[in-house]
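Once you scroll down, you'll see the structures, which are given as structure tokens.
Two complexes come next, and they have one chain in common, chain A, joined by chain B in the first and chain C in the second.
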Partner chain A sequence: MGAQKKGATARVSEDAEELARHPLQAILLADSFTTKFRPITLERPKVLLPLVNIPMINYTLAWLESAGVEEVFVFCCAHSKQVIDYLESSEWSSQPNFSVTTIESHNSISAGDALRLIYERNVIHGDFVLISGDTVSNMSLIQAFQEHKDRRKKDANAIMTMVVKQSKPSPITQQSRLGTDELFMAINPVTKQLLYYEDKAEYSKGFISLDKTLIADNPSVILHNDKQDCYIDICSQEVLSLFTDNFDYQHLRRHFVKGLLVDDIMGYKIFTHEIHSSYAARIDNFRSYDTISKDIIQRWTYPFVPDVLCGSSAIKVERQGTYRASDVTLSRSAQLGSFAFIGQGTKIGNDTKISHSVIGERCTIGSNVTIEGSYIWNNVTIEDGCQLRNAIVCDGVILKSGAVLQPGVILSFKVVVGQQFVVPAYSKVSLLQQPTQQDSDEELEYADSTSGTGELRSDKLNGAIAPDLSETASELGTGGVGYIWTVFEGAYDEEWRHSVAPIPTNKLVKLMLDKDEDEELLTQDGNVISALELKTDSDGNGSEDDNNEDSRDDYVSFEKEVEATFLRAVHENVKVDLAVLEVNALRLSYNMASVDCGGAIFYSMMKLAVESPHNSASELHRNAADIVTTWQKLLKSFLHDIDEEIEVILKFEEMCLESAKEFAALFPQILHLLYDKEILQEDAILRWADEKEGADESDKVFLKRSEKFIQWLREAEEEEEEDE
Partner chain B sequence: MDFQVVVLAGGNSKSLTPLVSKDVPKPLLPVANHPVLYYVLHQLEESNLKDLIVVVEGEDAGLLVGAWISGTFVDRLHVEIAAVPEDIGTAGALRAISHYLTAKDILIVSGDLVSDVSLGAVAATHRRHDAVVTATLCCVPICGSSESGSSGGKDKTKKPGRYNIIGLDPRKQFLLHIATGAEIEKDTRLQEHLLHAVGQMEIRSDLMDAHMYAFKRSVLQEVLDRKDTFQSLKQDVVPYLVRSQLKSEAVLSGIPQAEEDGNEKVSFPNNQVMVSQILANASTPSFHELYSMDPDGSAQTRKTHKCCAYIASSSSYCVRLNSIQAFMDINRDVTGEADHLLSDTVIGPSPKLGTKTTVGPHCMLGEGSEMGDKCQVKRSVIGRHCRIGSHVKVVNSVVMNHVTIGDGCIIQGSVVCSNVQLQERVVLKDCQVGAGFVVTAGSEYKGESLARKEK
Partner chain C sequence: MPDTQALVNDFLNKLKKRKIEGSQATAKQTAELLRSVISQTRMPYTNQAAALIHSVKAVGERLIAANPVELAVGNVVRRVLHIIREEDLSLTTAAMAGLNLSAESDDEDDTDRDNHPALSAAAIAAASRSTLRPPSLQTLLEDLPDSAAVPHTSSSGGDSEGKSKSADKSSRSRKLKHDVIEAVNELIQDISTCHELIAEQAVEHIHQNEVILTLGSSRTVLEFLCAAKEKKRSFRVFVAEGAPRYQGHLLAKELVTRGLQTTLITDSAVFAMISRVNMVIVGAHVVMANGGVIAPVGLNMVALAAQKHAVPFVVLAGSHKLCPLYPHHPEVLLNELRSPSELLDFGEFSDCLDFGSGIGAPLLHVVNPTFDYVPPKLVSLFITDTGGHNPSYMYRLIADYYSADDLVLERRTTSGN
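And now, the complex of A and B:
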């Protein structure tokens, strides 16, 4: 590290021309290390998925080239061969002044691994752009680079500049229009330094907590909830070495950015660059796929729009934002609505209506088909009378006549949907079976080894699909081929969040109501905070109450269990040792103290005594005496100290008041019995008496009754002392 | 203007002993030869707010303050003096005088504020947004500004103090978060739903709550009634209102008679919204209104209220006299850079100066004071009818009225209260001398607080 840093400072001291000698470099991660695009990404890498009919990576590369980047290192891991093959055969391999080099890895599971590998290759020689291959942007990098360099000259610790953009999340769902979760960032308005970054806000319980030192160091901080992270980073070389130093950094944001923000030893700083009029977004999930596709069609990303990227002769833009390739066969009666894209060689039948959709190349669409808000890739066959709403249909899919796709459906490659079959909303259908052991790390969003082996699977697949498909046919109707992936428990509710389909209104209403309730709670909480002393008091009380509530419930069921165990022991003549063992086991499983055991056992014993037949108080006393004598060892083994013995007395008192009033008259006798049997020591009884001394009159009923006994105990004690 | 003004003048203050005493309650503590209360009242008079209630802690103090006000501001202001028990806090004081309050809006000013912030502007901001509370925020004063020579040394190490942590909306109109007192030292917790509603919040730690508020009376009274544990306006009432602004529990309708039984509120009449929007003079509705709308944009489903902030420009002067350091600073500033606060002439009529006595700039000599030969006065305030001997040096100090200073005394960075007698060759450095104290000849004190024992 030391050497690295020295190098860095030396470089900074050199003038700008020296810096400019390095070609502008970029690292493009062609693997997002997530599983959000499954099942599609099991067969094809995400960066090669068509976005308005052009593979995503082309948008990214075209932008990098136009932004003056000269050298791009494409890091590929999952399906790396497909990516490499694609890039080699594409125009990118033969561009002057723009070199695309691929770096292949088979075992990287995160962006951190990727950057560590790139560091080892030693190919980056200066500031670089770090993006993923699913970024669509038309921003100018020059200004951001210049800002970054200027900052570096002043402060060698300014190692990264993050590009952010205004985007207010929906007030109801708290997610941006790209379907990403809301993000909280604190930025110093003067220096633009990033001070706080939180994208997993659900842990905060309604409050954002800013560290006190953060506010102490910055007289003014702006906390943003209305910015979107574009995932375009301008980094200095140190970033790579930092990943190498901190081998546990995996995720660019969650580990690296947050790690730097909390680490005040190294003092590295991250800054932000806000873009206003240009476009930048990353395809993170199906919702952003939908949103960004629409943005492209509506030309927000100009010049990175299909007709420019493909050459204007191939695709023509017509009115209402309709794009049509040159050789589309369109029936006269077909209606092309606004913002529809029709790719080359596609045939569209009579009375078919298409709007807000993208249709790829060489598709065949029958008559009376309705397509709204859907993305249909290449070589898809849609027979007559199908209805598609807000769906993604991959290459080679066949929809038999009359099939219906409800909103949010994803059909992966070569799936066949049977006649008249209705694919339920949010289904994901693939020829591949759902991986049984899904990423345990779903939350961390790393693709596990399956992302590496996915390629192998698909190879296998191409050869050997046919045999085992017959049995699954039923899943997609007659003649259908494919598996409907099941959604994990609990995840179903969240499925709508990242789906291509717009969020249904009833969902929104429900969310609104939920949110209102949440806030009701929050403001109440807030009120609690009001007065400082009050806060601690009432807060404390509140939680204690809750705890008590819980533990009381627990205790009741524990008591029942102990009682059952005890009765079984009595009736089946279980040995005392075994009974002790069983009660102990119960104690551990209910997480109780031995105090509670003593109370519970005593309770069971007395209850048994009451329930055994008896005619008079003296008989009851005898019953109790018998039971206590038989089982005193069991009871004794849970009474280790005075506190526990006092607990037994208190329990007994409670019983006499509530569940077994018959004992009320016998209270002093039983107390004496317990004393005689050496279950209770005199200290415990006296302590109990002392404690009760200060209590309410009503509480002292039993104390009064046993006054004589206690008196006797006290005298005995005094005598003993005198003897000594 | 339908504003009633309440001046919370306070009474005894522990942090200002030995400067304040039974005879000189805090409101009457002289700052540049005027009681500190004068500055607030003068400012109110300038803003044409002439109907005031001055709340003083303690009966005796009330009488003293009342006597002074009627003597000074007779015919100029209509003042009522209300004496309240001590130690009931600012909220308690307002509860005690609640029956005096009748106007639609109440302006509450702390009596120890020395400021040139226009109260009229605060009131106008309050009205414009139809706010429930408007708090005045000013820049944190830098203790002992760099011009002051002698104390400069130790001040350089001092960071500007932090008094509040304040959250503002992007247009700096609304108050979204306020932390005072002990909360400042903790991590700041911000309400998420507020952030959702407003999008971005600026968090400032370089602003100070100047203790100058405009309240909607109905809301203020209801909060005081309902939250009887609230002690302080600054620490309880204002933070509470700020916190609950999107989930208002307070009555909001302009009709003061709105029945106020817990949650059964008269819903905000729609035309009221219109009016407030027109008043807000904004083409876009504020986040409060957006938030309270249903998604279909029609009826108001949630009750909100607005908490506004009036941020005084950084050039304006605004300091509270709540510590001895602040007292020294204010004395220095009022005679120096902020001398516009005094409408009177700075140098009083005809103090008698001996030969070769020099009085530097930024000094004030009260009327009838006499000085001997070869004295030096720098950046100091000397009260009325003081008798100062020869070869006396007074630097960066405040000398109140009727003080006798013997020959050869040296006074630096100290406060000498009224009727003090300093005998010959006394040397005081960074001391406070309480009223009526006698310092014996030749004694030297440094950094001490000298006061007569209370009998």
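And now, the complex of A and C:
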């Protein structure tokens, strides 16, 4: 730090001479000021996380160096010590013509704070590149800089050039391939001036509003939704002073860019520079981590690809885009599929299948392991028979034999997963306990302003024990070590959007249906609010017809809680009576009817059946039968009357349609099973059948499937009547 | 030596970032770098050749590792090593001849052997090397005095001659360095003039009213064609554009400005046009020891088309492109996969590359290899700066340029891959 200050003052004295020609400078923010990579970022800064086995910051620095930048100021905040240590020991500290200077801060909580601090240091003397340490690119800066300079000569108010790239968002999920929300930008096609920027558009509204003056002032405006913001900005010095003047600017885009766009007093302008053949993207969330890793493996970032960055003698590219380090021990029967990356010193056992995955250095992988679309960092031990799908596994993790990671699982550093344990989808597991609920809620709301402190606060939290989360480490199976973080309320719905796992098809189908309905409604009368209401209707929750969005969220989280309770009851052999008590307590705290309890319990039972391993429909049926038999008492205690029983059937129908399609074929069998176990009375089933008789054709799929069974029930009833 | 160290690092960086284009530029810069390494190497009193070889090897290994695909680097490193060995050998034989005369008076063989182990070791090494090396004309001539000298090495000088000998040695050391630098200069000269040397032979190969086909762009080919044009030959050139980098466009432009009748065709039209072609003339990236060629992508196809229609397939290559290694799996191991953006526009295809939906794995895989491997049987003739050669003759040519010892060193480093 002292050295830097000296350097800074030395620079100031040279300032006068330097004005004529200053070295190309860059500010690299080695902190994203978000919590999206938690729990991993509690232990290691985001910029040092390996991206295809090389710390992210290396890609950024290598690009800056080759693009002709001579001086980089790395701003470190969270885990600043680690970043500084890394940079000092790396090759970057000893490059000729390329100096890397670190600026450390412990109290910056946003990009705005960082830039204000850099302004105080007075180290930037001209146009500079502003990027964060998680940006991967191979674009040439020369042209963009030239454009920026030329514009500046003509118009001193053109203070920033933003790099954009074409990338079509998915029409279904309304998010880009990087997992960020669809971005709307209005750009003047002639001058390339940015006129409008909105990354948090409300899709439910179905429209965005532009200021009238935009159209009046510009002869033509093009509104893009297929442009990706690369988060590479070429800025003039004024940008730093603007941040200092507007001390409430925190976020680069949300505050600064939008602030400048609406502010017409100063008249500052932002321009865009579109890149075509070169690549640029920023790792914002787990989905972009996955996407960008795959882009790197597919060599879009050439020459910043692993075999070039590490030296090709260390890593070789083979057929099918497989990368293999020189000293990998690979069993003869192991199958390396396409786009796999295997790091130095890794051992892979017999009959193990690996595809679309990155495996780091010195990992030990046993026999019969299946790894698909996963990112395994260094020194990981995976024992025989494990299955990993679309997971991120950090350094030092141990998976005991037979462990299964479902899609979207994040295992933070040194977690141990017990034998045969199934880590449920989208769970985040860490040795550190989750920060208390209150904190995280706050962060979600004000993610931009408080998240930085969140990252810092983590150190203090290490020792603290959250009272409501005092589950023992054994929640990861026998011998397991680590805490499964519960997902924030309401955030669960969004979890799949940003996960490493691909979006499940049922979600896509649901979104598509929702969208169709929205569109229909919009074309009818454009009434937005009714569209919202209708959407909740279409979710098929009979009991919630007249409820609004809020209570639906409540119900979802209630369902989650019940599911968690039930799973715990199963795993820890809790007595049925106790389970009933617990569910009742939940019911009261969420203000639900016992109708909802029955539905939720049944839902959790069926989900458990689907999630426990099975190979065929008959096995699934057996699973379901086992679970129903064991827990029938629990279920029965919430089914007091026929209405509640009908609710269970409706719930089941919904499941078959959406989350657990595998049951669709078994629908009549399960219905029969429930009847046999006296969970459902025949009256309930018949009433359900009668109700459905009048429904739409599409709703009657399951009715038709179970026609035989109902027929049989009816006949039995008649016979009984005859007997009497 | 911080000066050379910085130079080496700078060059390494450029190699790593793929900032040097073309094997001629790479070869020349490598040679210049090695020259400065040699001139900066501090010479010990004994075994100077070994010291030079050591320092050149140390730098060379790093250079080769920086970009193993650019084989010209390795070629030049080996050439320089060969030069050092040759110069050392000729100096030793010269010294030997001088010593032999004086040695006849002294017979204290055994004691002196210990005093000058380095000298004798170098001589034995030289002798053994000359037996290892396949006989070339030069070595055949050298062999006679050399082998005769070996048994007499030990019988060299007494104490009385010690002083004069060390003085002699220091002058020898300076002489060795001087000679080596001189020879490296010659090598650099050779590399930079190889185009002219090759172009000089153009008239012998291109005849009046012929149709020549080439693919992509190569400076050697350009010079070759222009040289023939200057000699008043009139002929036509078909240029295949060389997708995806389309360097054929540049070549066509250049040819037209020099007044050559040029036709630009797509790569896929090569087979349709080849029946009208009298000769295919192309450049190479590297020529392997078996006569196979690593060449810009698309040339294997051209070579096959040429073979089908019995059109001569001529490869132009400067001597710095001769690689003493044999190709093993060249399509993969000696290839460089470049960015897919040269083939298709990322923005247009971004929806096909969305890994968020579907199976989560890319369904589209774009492969953009830089090089093709043309097997020796498809090549009719090589034209190097020393003249025209048959593919099967390449190994002899290579034996003239490289010492067998250096191949072994490289094999160890490459086997680590």
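FYI, the second predicted complex is superposed on the first by the 466 of 724 C-alpha atoms of A that agree within 3 Å, B and C clash if a C-alpha of one lies under 4 Å from a C-alpha of the other, contacts with A are read in each partner's own complex, and residues count from 1 in each chain.
Here is the rule we use: a contact is a pair of C-beta atoms (placed from the backbone, for glycine too) under 8 Å apart; a residue touches a chain by one contact, two chains touch by 3 or more.
As the structure is a prediction and not an experimental result, all values here were calculated from the model.
With chain A as the common reference, chain B sits beside chain C without any clash.
Once chain A of one complex is fitted onto chain A of the other, the partner contacts of A:S209 are limited to chain B, with no touch recorded for chain C.
With both structures placed on the common chain, the touch criterion links A:S326 to chain C but leaves chain B unconnected.
Once the two complexes are overlaid on the shared chain, A:A665 sits clear of chain B and of chain C alike. In the superposition on chain A, A:V317 contacts chain C only, with no contact to chain B. In the superposed model, A:V221 makes contact with chain B only, not with chain C.
In the superposition on chain A, A:L578 contacts neither chain B nor chain C. With both structures placed on the common chain, the touch criterion links A:M512 to chain B but leaves chain C unconnected. Of the two partner chains, chain B and chain C are each touched by A:K168. In the superposition on chain A, A:S355 contacts chain C only, with no contact to chain B. The minimum CA-CA separation between chain B and chain C in the overlaid arrangement is 11 Å, rounded to the whole angstrom. For the contact definition in use here, the residues of chain A common to its chain B contact set and its chain C contact set are 168, 172, 226, 508. Chain contact summary for the complex, chain A toward chain C: residues 66, 95-96, 138, 165-168, 170, 172-173, 175, 177, 179, 226, 228, 276-279, 287, 290-291, 294-295, 298-303, 308, 311-313, 316-321, 326, 338-339, 355-356, 372-373, 390, 501-503, 508. Chain contact summary for the complex, chain A toward chain B: residues 168-169, 171-172, 174, 182, 184, 186, 189, 201, 204, 206-212, 215-216, 218-227, 508, 512, 515-516, 518-520, 522-523, 526-527, 529-532, 534.
Residues 6, 9-10, 13, 16-19, 65-69, 332-333, 337-342, 345-348, 350-351, 353-362, 365-368, 413-414, 416-417 of chain C are the ones touching chain A in the complex. Residue ranges on chain B touching chain A, taken from their complex, read 162, 165, 167, 170, 181-193, 195-206, 227, 229-231, 235-236, 239-240, 243-244, 246-247, 249, 291, 295, 302.
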